[in-house]
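Look for chain A in each of the two complexes below; its partner is chain B in the first and chain C in the second.
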Partner chain A sequence: MFNVLWGTIKIQMKNSWARPMFRFTLIASPMLNTVLIYEMFRHSGQSDAASYIILGSGLMGLWSSICFSSIGDIARDRYMGVLPFLFTSPSNYNVLIVAKTIGNTLLASLTLVVSWLTAGLLFRLTLVVPHPIVFLGALVVTIIGFVAISIPISYLMLLSRKTGLYMNVLDIPVTLLCGFVFPLNVLPQWTQPISQALVPTWSTRLLHLALQPTIDWVALRTTMTWNAGLILLYGGLTVVFWHAIQLRVRRNATLEVSE
Partner chain B sequence: MRILRYFWTQAWLNFKSLNAIFNPEEFILLDLGYPIISMTFYVLLAAYSFNPASLTHWVVGNAFLLCINVCIFTMGQSINAERAQGRLRTVVTAPTSDLQFLLAKGFFPILMEFVTVLVGFVIGGWIFHIDLSQIAWVPLIGCILAGMASATAFGLFLATFSLVTDSMHFILNFVATGLFILTGANFPVTQLPLFWRGVSQVLPLTHSIQAASQVTAGRTSGVLGNVLWELGLTVVYFALATVAIKFCERYARKHATLEMF
Partner chain C sequence: MAMISVNHLQRDFVQRHSRTWHRHPTVVHAVRDLSFQVQAGEIFGLLGQNGAGKTTTIKTLTTLLLPTGGQATVAGLDVARDYKAIRQQINFIFGGELGLYRRLSARDNLIYFGSLYKLPPTTLVQRADTLLAQVGLSAEADHLVETFSKGMTQKLQIARGLINIPKVLFMDEPTIGLDAISVQNLHQIILQAKKSGTTIVLTTHYLPEAELLCDHLIVIDHGQEVASGTVADVIAQGQKIAPKAQIASLEEAYITLIERSAAHV
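On to the complex of A and B.
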């Protein structure tokens, strides 16, 4: 299983990199978003502007990469005609999806580096990381969280022949609801429960907490608990979705039905 | 008459083929819900970063940017769509003008997008407490039409490059995000370096956004000048598209890039 996992991760990274759209979300999008957000924050006087500019544009790029890659992979496999082979191959399809998602997310996490470099080179803006180990840990949890949320969404896409619609429609709303570029108190109160149910909200909070000069350990522990809880919940959802969806697509013969 | 009938048939057929698989809820989500959420995101970002007394300028600017979905993406990807369905050779060798064919493909989506921009502006105004009763609607609609005309001509110009490159998704997304930065919708153009300030003047939407901001602020000076500039850009981009499609078609035949993807 490890060989299948590792082989799929490698091939997925190569395939994703070969697509111009993925290269846009990986390189051009975080650069352009950094410029846009920097110019918008330039005269704001907000003390946390640097973290919103660098982390925000990086996370926007990370999420876009997931939308246009991990979530769109099902549609691409369907279009290329390989979906039924992957679905029925002796290597468990779940392992393949997990590996593809890990490959994409690892590659997509480079958006954070691109944002950091863009802000440094163009605007001499740096992100001070007072506790590198805590920040690194937060980054790992963030990547796990993003992998965890994209798998159940990918499975849902097995049901739909309109994957293109949904992967476009998921991009901005999650960026808006998870507070990548502004704090959640800017949003109306009724949106808060939706935000709280999304693991990227807690990953973002964790990254911001890890950047504080003095770590608030209580808040960090609470945020970690939420991250862990939601990751487990998404894991559970993945199992439930898999059983329900694989039965349904076999019964209705809709696996290869596309737009 | 025959040309008009052909245009109408192509336009309607394309519109049906694009939207037939969506049920009404999905159609509204895609054409209205998503654009408004996108506009809300940028306006909220402006509310947090600029903390202004009124958000009118951002609602106007981002409502205008909603037309990018169709004017840039739908127009820009129309050749790609033909290629994916194996019809590009027929389209290119048909006696009908390629530009006419592309415009027919964009006709109904552009009409829909006009409604989206207008409704987006009204809903944005309602969400962000803008007094819509004081707005001169006729000049505002004029600004929207001028902006969409130049953005469509720009999208047509970009679409021609589909014949010679397989990276249209990259190009279109790059240009669309560039428009968010350079048109003055999200921050004043004066913040840009001199070179990029110059570029922003020849991009679609910059002048119509300026004109619309003046209209919503109750001023009339400079509105006509900005609208005329925008219409001038429409003519320039349409002329460029006419030249570029001939050049790209010849290049594609010569280098066999017509069906490259």
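On to the complex of A and C.
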């Protein structure tokens, strides 16, 4: 299984890097986002603006890369005609999806570096990390959280040929609802339950808490519990979806492009 | 025991036609009642018009689709129930240029698809290089697939189909759109695979190809059998239903059989 996992991660990274759109999302998009978010916060007087500018644009890029890659890969594999071969290979398709998502997420994590560099070079902004180990831990949890949310969404894409449409619908709302670029309290109250059901909301909160000069351990523990709970929930959903979906895919023939 | 056994196979599709908010489902019977057997080590042809049910039959046998009715086994395993075990023993290729990662090299494609069959990495690299040599793509092994011609892509597809040394290889129109020399090359590769013991199920619209390659074949129309047997058997069945005609080739027999079948639908 390790060979399949590692082989798929490598192939996924090669495949994604070969796409101009992915390179744009990975490099140009976080640069532009950093500039735009900097302008948004410039006169706001917000004390933690730097973390919203750097982390916000990085997380936006990370989510976009996942949206357009991990989820979009189902569409691409379908249009390239490789989806039937992957689906019916003796390797577990779950392992392939997990490996593809890991490959994309690792590569897409570069958006955080690009945002960091852009903010530093253009605006002399820097992200002060008072507790590097806590921040690194939060970053790992964030990446796991992003992988966890994109897998069940990817599975749902196996059921339909309109993957591209859903992918576009998911991109911006998640960015807004998860508070990547502004504090969530500026959103209306009715959006709060939706935000709280999305693990990137809690990952973002975890990253911001890890950047505080004095760590609020109670808040950190609560946020960590939410992250872990939602990751487990998404993992459970993945298992449930898979059992239902692999049967429906063979019944409804949705693996190929409709003629 | 037969390598493949198909008994009264049925496969329906529900098509939904959208008209404003209302969706009208229509049931299409792609395969109505199909039975045949394929012996180990032979090349078996599935012939029929577009929409006759050939590809649906192949997709059912390769575990991509569930049968709606009837039963089918591959290597003694049930396609509906034992799909995981079947997948280890088969491979398949579809004609055309789909089915490969176009932004990866030929070698990367073979190694990746081979890794899905859990072959050890060293064996896999050797196997990929052997197959690339066999299909005449050694010099292009590190070229991106997107730079390949149709013929080269098709050769690579066959190499991909053979990477796991399958017991059964399903080929859906493998020579579609290829020039005469590429077709001849592919025939050699297919015959070589047969020689090494692979059972091959082939669909094709090119009747001389079926005549040349197939040990046994079945002609289907509207998801049902019209004729079956060896090439000589099918020619005899065509002659039987048109006694006044001079039927000397599979092509003539096929046209006679399909026209007669269409007249009955």
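Methods note: the second predicted complex is superposed on the first by the 256 of 259 C-alpha atoms of A that agree within 3 Å, B and C clash if a C-alpha of one lies under 4 Å from a C-alpha of the other, contacts with A are read in each partner's own complex, and residues count from 1 in each chain.
The rule is simple: contacts are C-beta pairs under 8 Å (C-beta built on N, C-alpha and C of every residue); 3 or more make two chains touch, one makes a residue touch a chain.
Treat the numbers as computed from the prediction; the structure is a model and nothing was measured.
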item: Contacts of A:Pro193 with chain B and chain C, given as first, second, both or neither; value: neither
item: First (chain B), second (chain C), both or neither touched by A:Pro132; value: neither
item: Touched partner set for A:Ile11, first chain B, second chain C, both or neither; value: second
item: Partner chain in contact with A:Arg250 - chain B first, chain C second, else both or neither; value: second
item: Partner chain in contact with A:Leu36 - chain B first, chain C second, else both or neither; value: first
item: Contacts of A:Pro213 with chain B and chain C, given as first, second, both or neither; value: neither
item: Contacts of A:Ala28 with chain B and chain C, given as first, second, both or neither; value: first
item: Contacts of A:Phe182 with chain B and chain C, given as first, second, both or neither; value: first
item: Residue contacts on chain A - larger count, chain B or chain C; value: B
item: First (chain B), second (chain C), both or neither touched by A:Pro20; value: first
item: Common interface residues of chain A - those touching chain B in one complex and chain C in the other; value: 19
item: Complex contact set, residues of chain C against chain A; value: 13-14, 59, 62-66, 83-84, 87-88, 92, 94, 96, 98-104, 108, 111-113, 115-118, 120-121, 160
item: Contact footprint of chain B on chain A as seen in their complex; value: 19-21, 23-25, 28-29, 32-33, 35-37, 39-44, 46, 49, 161-162, 165, 168-169, 172-173, 175-176, 181-183, 186-187, 259
item: Interface residues, chain B side, partner chain A - complex; value: 21-22, 26, 29-30, 33-34, 37-38, 40-41, 44-51, 166-170, 173-174, 177-178, 180-181, 186-187, 191-192
item: Footprint of chain C on chain A - complex, ascending; value: 3-4, 7-8, 11, 14-15, 18-19, 80-82, 84-91, 96, 247, 250-253, 255
